[in-house]
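Okay, so chain A shows up in both of these, paired with chain B first and chain C after.
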Partner chain A sequence: MTGTPVIQTRDLTKSYGGVAAVRGLNLSVEPNRITAFLGQNGAGKSTTIKMLLGMVRPSCGDGTVLGKRITDAKENCEMRRSVAYVAENKPLYGYMTVEQTIRFASSFYSDWRTNVAKKLLNEYKLPLQRKVKSLSKGMRTKLALLLAFARRPELLILDEPSEGLDPVGIELLLQMLVAQASQGVPIFFSSHQIAEVERVADDICILDNGRLLVNASLDHLRESYRRIDLVFPFAPPEYEFQIAGVERIHSQGHEMRVFASKNAEAVIEHARDLNAVSVEVAPVALRDIFLETVKEN
Partner chain B sequence: MFFKLIPTTGRPLYLQLMQQIRHAAETGALRDGDQLPGIRTLAEELVVSPNTVAKAYSELEHDGLLELRQGSGAFVCVKRRTRSLADHVQAARRRLGDLIERLREEGLLDEEIKRAFEAELLYPAGIVRKR
Partner chain C sequence: MLWYKAWLETRSRFLTSLATLTVFCAVFVHHAQGILRPEWTPAYNRLLYIAQQYIVVLWILAVVLLGMGGIVREKATGASLLTLSLPVSRALLLGVRVGVGVLEAIILAVVPWTAIFLVSSHAGMPILVSQVGFYVLLLVAGGLVYFAMAILVSCLVEGEYTAPAMAFGVVFLTIIAFDAWLRPLNLWRLITGDFYIDRHTYLLSAHFPWLGALACLFVSAVMLLVSVKVVQRREF
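Here is the complex of A and B:
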C-alpha cells in the first residue's frame, strides 16, 4: 500500500463497566482509499469512530488520525479541523431551517465550498425553508451529508451514512463518495449494507464483538476466499481438511463444503489425492465472507 | 462503450473491467487509437472506487493494450498481436461451438454443460489435472 496511514491504532480498547466494547484494536486505514468498516449492530463500530475523533476516551491503547494523537486534546482539536464527520444519529438543530443550518455550519469551516453546497442542495432536493425537525429521516441524512461533502476535508469519516436513505438517495451517496475519492479524499465509513460496500470499497475492516477480524483490500479478499464443494466415493473425514486457510468445513454424507480464506489450491490438491469425484471451486461474495467471518468468531 | 461490473460475483472489479476492455478490443468494438474515459470520469460513471479503474488501466498498460497519457486519458493500442489473438479467440469459439453441439447430441442439458465449464474454469491454472 501507499504512504502513511491516515488512521492507525494500537491496542485501542474501550470498556464500559466490566464490558469491553472494543478490544485491542490495531487498525490501519490507508490514504487515497475508500475503506468500509463492517460489523453487526453493537460490534463496536461507533465506539471506535468516537474514540478516533476524541469523543470517547479509550480505556487503554492509543492511535493517530492524520498523524495526530487521538488522546492528546490539543492535537485532537487540530485534527478535527481537517476531518469531516457524519455521526450515526445525524445531530442537527431541529428549530433551524435547512437554509439556516447550512449557513450556520458554513461559518465554522474555512474549507467550505459554497458552490458545492449549492449543487448538492439541488441534487438532494432539500426544502430550504423547512425546519430540520420536520424533515424525514432520509432528508436529515442528506442534510448531514451535505454539511460534510461541502467541505474540502483531508479525511471523511461517516458513521452509517446510508441509514434511512431510499435507493435513489443511496445511489447519490455512493456517487458523492466516489467523487470525493477521485479528488483524493480518503474515506472511512461504517455500514452494514454489504451491497453498497462491495461496489465502492477498496479496503474492508470487519469488526465483531469488539475485535478486528479482517483488515485487507477487497480485491485481496476476493482473490483468496474460495468455497470448494467436494464429492467423494465415501464419507470424507473432516480432519483431513483441517489445513492452514480452511475456515470452515461442512460435511453431509459423501459431500463436503470447505470454506477457505487462502490456500484453496492445497485443498483441491488434497481432494484429488483422496480421489474426489467432483470438485467445484467458486469465488465468495463479500456477504458470505462477512457472514462466515462473524460466525467463526 | 458499455461496461457492466457485477460486485456480487466475488471476482475483483478491476479484473472484470480489464476483461471487458480486452474483449472489446478483440471483437473490434474498440479500435486502435480509440480513447477511453479518464479514471475519474469512468469511476464516477460506474460508481466504483477510482482505484478500481486506475488498477485496471495500469494493468492493461502493462499488457500493452492501453497507452496512458498524462492529462489526456487512456488510448487503445491494438497491435498485431491483439488482432491475431482475436482470430485465435474466434477459432477457439468455433471449436467450442462444435464441442457443445456434440455434448448436446449426447443428451447433456445446457445447464449441465454450463456447470461443467464453470467448474473446469475455476481450477487454478497451475494445477496439473489427473484423470
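Here is the complex of A and C:
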C-alpha cells in the first residue's frame, strides 16, 4: 500500500443518544485500490459514509477525504466536487424524468463525460422521458450508477451498489468497478454480497457494532487466515491453543477446529508437539473470515 | 441548476395556485359587472377591497404550500442524500429554494391583480393602477412573513402532512392571537389593507406603509436566517 490515503479517519465516533453507531473508527483507504466495506445491517457502514460526506456530524474524532477535513463544511463541500457517491436505496428525485436527472446532475461537475453517459444510457436501456418515480428499483439503481460512472471522480463511494440489480446488471457493475479502478479511480464500497466483493476488492474493511475489526488487503487476509482441523489421540485441551492470532476454537471429542487470523504455523507446531494424529490446514474464504470475525466480536 | 430543481419541485403547486387565483379574480370581476352597473364606482371599490381579503386567504394558502419541501422533507423520501452529496452548501440549497419561492409568491400576487385590472378595464369599470400596486405591495411585503414562516416550519418538521398542518395552524393562531391582543401589529390587517382603507370611498388612501413593510421583511429575513441555521445543524 502506497501514497496518501484517500480516506483517513481518527477515532471517528457517532452516538445517537446513548447508543454508539460508530466507535473510534481508525480507517485508512489507499489510493488506486478497490476497498470493500463489510458489516452486518446496523454495523455503522452507512453512518460512516454519511460522516465522510458531511451529512452526519461525528460525535468525536475527525477524518479526511482526499485530504479535506470532513468536519469542516467548506472543505467537505469542496471535497464533494471530486467524489462520486451512490447512496443506499439509490435516492433520486421522483418528480424529474431520467433526462432531467442527468442534465441536473451533470451541471455540477466539470468531470462529467457526456460520451460515457450516452454509452451507459444505451447499455442500461433507461427511458429518457420516463419520470423517476415510475422506474423500477433496478432501473433507479442503474440511473444512480450512471450519475456516478459518467464522471471521472477522484474517489467513488458506493453504498451497496448492487442492491436491486439483476445478475446481468451486477456483472456490468463489477466490470465498471474494475474498469474505473484500472483508470486510477479509488473505490470505497459497502456490500453484503461477499462473492462480488471477493471478485473485485483489493482491500477489506470489516465493521461490526461500530468497530473496525479488519482493515487489510484481501491477499493478506487470504494468506494469513487458516482453518486448521486437528485430531488427537485424546480429548484436546482448548487452553493449550490460546495463541496470538487464534480467533476461535471448536472441539468435539478428539477433534478440534482452530480458526486463526495469523500464526497458523505456531498452531500446527504446537499441535504436533501434543502428538496430533492428523493436521489439516485449509485456506479460508472471505465469507468465512467475515462470519468468524463478526461472530467472535 | 438548483433553480431548475426548485422549479420542478414546486411547479405543480405554483401553477395550480396561479390558475385558481386568476380564475377566481376573473370570475369575481365578471360577477361584479353583472350586479353593479351603472352606479358602480364606490361599490366596486368596496368589492375590490373584499376581493383582496379572498386573494389574501388563497395567496397565504398557496405560499405556505410553496414553502413546503426542501431537504428536510427529502430526508423522509431519502432523496436528501443525493442533494447533500452535491458540491453546494446547505445555505445555498435553501437560498435557491427561497429565491424561487419568493419569485413565485410575487407572481401569485401580481397576476391575479393584473387579471382584475384587465378584466375590469375590458368590462368598462377601470380601476386605478396605484390601487392595484398598493394591494400587490401589501400582499408581497406583508405576506412574505407567512412564506418565511412556512420555510422555517419545513426546516423543522419533515412529515408530508405534519409540516403543512403545523404551518397552517401557526398562521391561524397568529392571526387570532394578534387580532385579540396586538391588533395594531396584526399582519392580516396590514396585508388586506384594513389599516389603510377609506371607509367612504373604499380606496387605499394613506401613503404606502414602508415602515410596516420593512418590519415584515426584517421578520421574514430573521426567520429565513434561523431556517439556514436549522438546516446547517441538522443531520441526515
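Convention: the second predicted complex is superposed on the first by the 297 of 297 C-alpha atoms of A that agree within 3 Å, B and C clash if a C-alpha of one lies under 4 Å from a C-alpha of the other, contacts with A are read in each partner's own complex, and residues count from 1 in each chain.
Following the convention adopted for this analysis, a contact is a pair of C-beta atoms (placed from the backbone, for glycine too) under 8 Å apart; a residue touches a chain by one contact, two chains touch by 3 or more.
What you are looking at is a predicted structure, and each value in this text was computed from that prediction instead of being measured.
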Three-chain arrangement built on chain A, chain B and chain C clash or fit: fit
First (chain B), second (chain C), both or neither touched by A:A73: second
First, second, both or neither for A:P237, with chain B first and chain C second: neither
Which of chain B and chain C A:G3 touches, first, second, both or neither: neither
First, second, both or neither for A:V281, with chain B first and chain C second: first
Partner chain in contact with A:V56 - chain B first, chain C second, else both or neither: second
Arrangement angle, chain B at one end, chain C at the other, chain A at the vertex (C-alpha, nearest 10°): 150
Partner chain in contact with A:Y95 - chain B first, chain C second, else both or neither: second
Which superposed partner A:D219 touches (first chain B, second chain C, both, neither): first
Contacts of A:F104 with chain B and chain C, given as first, second, both or neither: second
Shortest span in Å between Cα atoms of chain B and of chain C, once chain A is used as the common reference: 26
Contact residues common to both interfaces of chain A (with chain B and with chain C): none
Contact footprint of chain B on chain A as seen in their complex: 32-34, 171, 174-175, 178-179, 181-182, 195, 198-202, 218-219, 222-223, 225, 264-265, 268-269, 272, 278-287
Residues on chain C engaged by chain A in the complex (per definition of touch): 1, 4-5, 8-9, 74, 77-82, 84-90, 232, 235-236
Chain A partner contacts - residues on chain B that touch it in the complex: 7-14, 39-40, 43-44, 47-52, 55, 119, 122-124, 126-127, 130
Of chain A, residues touching chain C in the complex: 50, 53-57, 73-74, 77-78, 80-81, 83, 85, 87-89, 91-96, 100, 103-104, 107-109, 144
